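Structure first, commentary second.
We call the chains A, B and C, going by the order they appear; numbering starts again at 1 in every chain.
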């Protein structure tokens, strides 16, 4: 992937100027991206406009590569599959004749995977709910509770692709060339990370967009975004979205105040 | 001893055990413990059903007293814990922040294991669409998932399942308490 | 809120704190915690005497219910505990409680001992890449590992091996039944 030959990108993580890589393995997979795109179209999985989704999928991968997010091999496999579907749809008679049954089967498999993936996500939400309930119960002499933070069920945790898409809107507003140019200045991800944490220090959730200084150079914006992803990966910061197309709110997990919890302290 | 005195004694004996135990205690074990402790005097023919209803009665008593304690059924056993209402003050006492939750990918992987157990890495991979290695490692480190055996298939891959700690962490009596996959499907179609 | 509802709430709040605390909690500290948790609503002028009488009342309630629990005043603080009457059954419980699950480092150390026995701390250290002291101590506490002798080498270090309890716990007839080292490794890494 392009990311690998851009190791000398001037976005630096520390004094040693090592390239800053956010490992996506702890984030989401290609099915999450597909589901994310499908949801944005607000149609049932079976009615997905495949050509459009394919274009958006590839675009997102390119964006991820630009951000050095190194999409894993699985993303490329799904991309290849999507491209095949698209080619089939465009060409009434494929240059290489292929078994139409096999092709239909392949498509059905992917759709089935998507549906199944949706079920898994629902199941995960259900577990999260359970986890929150169980976390509020204490056992004798327990040093720290087994479980976990309470969050309002209306609010969903923002996934990687929601953040990437939101970030695309941040840079799309810039009057600069469309491609992500390697910025001249050096922007330290560590510094941006400190800035984000300072903004969140009050414990008040901050809208995603407000993390990005308006008028800042592209390199600064990218470094800020990478810093945010790393903070999320390290569980120091969490991002929530108010519904599938809602505002993204970012808050620090160090702070006591919580997004959307209306718990009264008895 | 009158029968009612006996039953009060059973209730508080169970209460003592649940208070002292640091994990859920099954009804079988409660029967065993109480029988051994009484040894001769008292009810020699204590059975599981009696113990079960005593646990319910104990919970009833707590509720009637508006006690901070509750008897819960977790991981196929009974456990004494506080009611969620008192979470805030205990946090103040313990001066702990809310613990971090499992990441979404880890939670999703856990969901797949919970519903498909015993399942293999390859199966999880195909459902999740990505390599579950990192998430599985984390889940195993947290002792939420364990190797349960091997599949009789090419390469004899390991199979994975959830642990009792999983049940405990999510406050589940057993796996049947998880909503069924059909329910989710219906939810999607609605 | 009526005064009696308030007082019931105070009782159970104190109960929650005493249940969750791992040491006696002073009346001062109880006042501080409850005031902080209520923060505005509820009794702003909670004083030590009110808390003291609430603790007595809680103990009264336990006694009236013939509960196994009691509120004790120790070391200038309040503490929840079981009544002496239930000592015997709690001792029984402690004997039969299943051992807590092994942590991954302990399990890995156990694997090294199982396959390399008799082995020394230095050997385990060099294989595991870290000091096995804590893990070994835990394994010895659990009687899964024992000292088997001394190595004829500089410093005459102790050698370690597994116990019969290890075999029992892992359902092995003897050491030849251990899975191959590769399998075990995979099991740990998978």
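In the analysis below, a residue touches a chain if its C-beta (ideal position, glycine included) is under 8 Å from a C-beta of that chain, and two chains touch if they have at least 3 such contacts.
Computed from a predicted model, the values in this text were never measured in an experiment.
J.: Please list the single chain whose C-alpha centre lies closest to the global protein C-alpha centre.
T.: Chain nearest the overall C-alpha centroid, as shown: B.
J.: Farthest from chain A in C-alpha centre terms, which chain would that be?
T.: Checked the centroid distances; the maximum from chain A is C.
J.: Starting from the mean Cα coordinates of chain A and chain C, work out the distance between those two points in Å.
T.: It comes to 39 Å between the two C-alpha centres.
J.: Taking the mean of the CA coordinates per chain, how far is chain A from chain B in Å?
T.: Chain centroid spacing, chain A to chain B, equals 33 Å.
J.: Between chain B and chain C, what's the gap in Å when you average each chain's C-alpha atoms?
T.: 18
J.: Specify, in ascending order, the residues of chain B that touch 2 or more different other chains.
T.: As it turns out, chain B has residues touching two or more other chains at 19, 22, 82-83, 86, 88-90, 94.
J.: Would you pick out the residues of chain A that each touch at least 2 other chains?
T.: Within chain A, residues 138, 140-141, 143, 265-266 contact more than one other chain.
J.: Contact residues on chain C for chain A in the complex?
T.: 9, 13, 16, 19-22, 37-39
J.: Name, in rising order, each residue of chain B that touches chain C in their complex.
T.: That would be residues 8-9, 11-13, 15-17, 19-23, 25, 29, 32-34, 36-37, 61, 65-69, 82-83, 86, 88-90, 92-94, 121, 136, 140-141, 143, 147, 158, 163, 165 of chain B.
J.: Of all residues in chain B, which touch chain A in the complex?
T.: 19, 22, 70, 72, 79-90, 94, 96-105, 107-108, 110-112, 114-115, 126-131, 133-135, 168-172, 178-179, 181, 184-185, 187-188
J.: With touch defined as at the start, can you tell me which chain A residues reach chain C in the complex?
T.: Those in contact with chain C are residues 138, 140-143, 265-266.
J.: Can you list the residues on chain A that touch chain B in the complex?
T.: Its residues touching chain B are 25-32, 72, 74, 78, 113, 115-124, 126-128, 130-131, 133-141, 143-150, 157, 159, 235, 253-254, 256, 258, 263, 265-266.
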